[in-house]
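Common to both upcoming complexes is chain A, partnered first by chain B, then by chain C.
Our next item is the complex of A and B:
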């Protein structure tokens, strides 16, 4: 797929431009926002590999992000801090301390294994049943994190992760994930899964093993979510289970839906657009609160505007900004049309 | 049991009390074109659905090249070399025409390069090469039908079941389709079962016809035999229209 190379080059170029631009500006706030954006990008693309190709909405994604973040935390918090940060930790784990890069990989693998086990029986479900079960799965994952004190410190905030996620590091992971998602989309599994998204009956009549295809994509998505969780954990350095619940879930789904779930380009566009909108609205909210004279505090403006934006997109452009074709494909077609008309 | 035959033996299908197919037997040999005709609601599509595993059998067995299909899932039946098209076109709308056809080859286990090659060759053959990069739902109805047939062929089936392939096509398109379909059995070594309401197409294309009415076989044999059969004239063509 020649146009997939163009898409990869453009998306990675965009990521690089964001990083270089931010580094040149040298403003710490921007550095933080763009790093956050790139981590969101990883999570949204991860969700795209399942949701975009299978056509099934999954609410469980952020739960796997949480498992990744906690896995990486347990593996990297310095041994001398573990007594305080994770008082209930299993004895044999207290001495474990691996490099954050290795921990990030393990985080992805742990999330993938959990997904592989819990999702196997769910992949036969379609439509509303699949959405509702994925939501139930998120609740289960959240509850486990909230109560598994030995691993997560329970509902209390876990602190002490080494801050190893830098802007370039987030960019490299994001670029790798872009490539993985594009390769997966064009793979045999990706193509057949997309066929099942378009028409389950016809895909089954061709011989596609739909539950297995979905399962593979779900495991890949969980792996990416786990990596994204580790990346985020080493950026924020302290978090609680509630960080991996509804608010974050809504945010990644909004990003993907606005950008266009069927394409990796859409996932990238949605993450960038929504992050900028989010930060813009937050600072507007701050300004309003600082200047508003006696009108009371403005609260929740950001969330409401984003929710309305999501509704507006669903009505006006249900497929998102990039509903069917990747950016490389769009450009290749434009050039071909120009050539034939010239 | 013949190694080159699709055999439907004594098959019945029931939908909550309604008997859609009533002890129907039919066979299609490799190299043969069999037409399945009958008035609306006579059970033609149900028979195709029964063969491809979309509906369950109440009685009877179905075998393809000696392998029992009845009881298998649609997927397992497809992997046994039985491909189909649908009465209402079922393309993968948000995928390109090329991807639509590729998917069938991939599902049957072809490598990515081989699937691509096979799909491109089929699109050439069906005059769809210029549409390869278009999305499924942007095509005209006739083109959609052609893509669906090309897709079914990309699975390299032993038996191909086409449910109204000419529906929605104009005369010129139907004529081209007739020639393409007529060449298939010999060229690709497959058996073809075809449902259509276009009697001109059916009579010219098929070696044998099988006529259903209200879920029962009322006649079978050559076109001439079926056309002259009193039960067919009465139940299907209507009185006085046998030579129309």
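Our next item is the complex of A and C:
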């Protein structure tokens, strides 16, 4: 338990250091990248609460992020702009306009409610069937977002969200999410769930109600994804349903897997590492496109490199950078070892 | 009457294609317990092979065979690149490598060919229609039905009567025991990937024949179909995959005919909701396969 405090302190310290460093540099591009990073962090940690504790891969996460983003959009787009941004919106909704903070909370709750309903039957499935249905769920969520024009403006871009997500705001949410994830991990539900991850049969024999435990984690993950989606929506201010599909799913899973799905530290490390790699590769793509040989034809290079990195990680270090222990635990052990050897 | 015939042909042709897709996926899953996310990309490979060979002036049937052959080659390549190195590790690890490999192939197509749709050469027979009992139906639907009957029969024969098929089924039931009895594991796994690639190649031609063009993301829909069909049918049973494919086609076609226009765009959402309900009733799928499943 004690090393959880150390972990929380270190991770939040890292987030704070990132924010302070960026603010001191004062370059707008870096500001954007770090805000993006912190939002990714929220999403990756959200996924970690489910995937890390239950051991099941979930593809639906980004779908819940989308639901969160759209919920927050409908609630916060100024009333006078709604006619243009969401022409088909139901009449009684047009007057609704709440503060972005409240909208973010509602976004999380809506995502969690949707998850609570759809996940109830799905959590009874195990390994491959569970993964496949979560993939199908992503498609369902995407189809709904793409076609429910009243709320989402269909496949077209939705615009007009107030830009309220700032760097400190993203950092505060990220820090809160780190704490929530660590608390959940050490809670009774988290521990039982991790027992079921290690050995499903043994955990069930000890009385763990596995579908229910998984369900709780899934709902929590969806809540965090919804909040992350709202955060992102108010950062990017205009988006379309295709922002919440396979490409982003791939990115979030890459971050979590490279960092280490079983630990919150891993989620943080993966998000930071992959964001920097991603931005570096993107600018490389841009440079190549500017040259005569590239001529605007270089697309997908970033994804290719990330995919190769992911396969290499799976072969060489399948648990990711932090496969089992949180950073606080690692440091505590190192100190203990030093004491015993001295 | 005409409507009934139309409906039956629709269900059978769609179901035949779905069943073949599901079969290609479940052959891998049955033996290795791994879900091949890169399966849809084999269909993409077949499509791009057709596109790239379209300028060569070869007869269509040669191009088609070439496309199937490339899908087989890439199927085996998938095994070596994404599965063999992590086979002994966790289910999640294998899932992730195949997901990454699928992304790799898709983005390679984006980078080296084009993000825009490319035309695929098709013989004129694919765009003709015939009239059967008052129902007008495209010939390609009949081709799909014929191809799926022939292939399903061939796969059934292969799995039941030949040494290779029996060895594959033995490996699917109890991998360790099969190895102890002298079944060469790597060969079996590679042939499963080759067979899966072969089915993907044929399905690819039939599927792309419906659309006429190929894009890097063309494999997603067949992949989803195969996923859902196998989950409904029972993840480890070959007959289950076929049943699941036809059932999914029946659901899809019925919804196509019965849903009002403004709900039709939500068809996929309805289909998958039905699937979730089926799973609620039978979590292991409709047909249960062999119980065990180890990969090493």
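In this text, the second predicted complex is superposed on the first by the 335 of 342 C-alpha atoms of A that agree within 3 Å, B and C clash if a C-alpha of one lies under 4 Å from a C-alpha of the other, contacts with A are read in each partner's own complex, and residues count from 1 in each chain.
Keep this in mind: a residue touches a chain if its C-beta (ideal position, glycine included) is under 8 Å from a C-beta of that chain, and two chains touch if they have at least 3 such contacts.
Just so you know, these numbers come straight off a predicted model, no measurement behind them.
Partners chain B and chain C fit side by side in the overlay (superposition on chain A). Shared-chain residue A:333: touches chain B; no touch with chain C.
Using the contact criterion defined above for the overlaid structures, shared-chain residue A:140 touches chain C, although it does not reach chain B.
In the superposition on chain A, A:201 makes contact with chain B only, not with chain C.
When the two complexes are superposed, the chain touching more residues of chain A, out of chain B and chain C, is C. Of the two partner chains placed by superposition, A:28 touches none, neither chain B nor chain C. Of the two partner chains placed by superposition, A:2 touches none, neither chain B nor chain C. Judged by the touch definition given at the top, the superposed model places A:246 against chain C, while chain B stays out of reach. In the superposed model, A:132 lies in contact with chain C only, and not with chain B. By the document's definition of touching, of the two partners only chain B reaches A:188; chain C does not. After superposing both complexes on chain A, the closest C-alpha pair between chain B and chain C lies 12 Å apart. When the two complexes are superposed on chain A, none of the residues of chain A touches both chain B and chain C. Chain A meets chain C in the complex at residues 55-57, 118, 121-122, 124-125, 127-129, 131-133, 135-137, 139-140, 143-144, 147, 246, 250, 253-254, 257, 261, 298-301, 303-304, 306-308, 310-311, 314-315, 318.
Per the touch definition, chain A reaches chain B in the complex via residues 187-188, 191-192, 194-195, 197-199, 201-210, 262, 323-324, 333. Against chain A, in their complex, chain B makes its touches with residues 52, 54, 73-75, 78-79, 83-84, 86, 90-95, 99-100, 102-104, 106-108, 112, 115, 133, 135-136, 151, 155. Residues 29, 33-35, 81-82, 85-86, 89-93, 95-97, 99-101, 103-104, 106-108, 110-111, 115, 220, 224, 227-228, 230-231, 235, 265-266, 268-269, 272-273, 275-277, 279-280, 283, 285 of chain C touch chain A in their complex.
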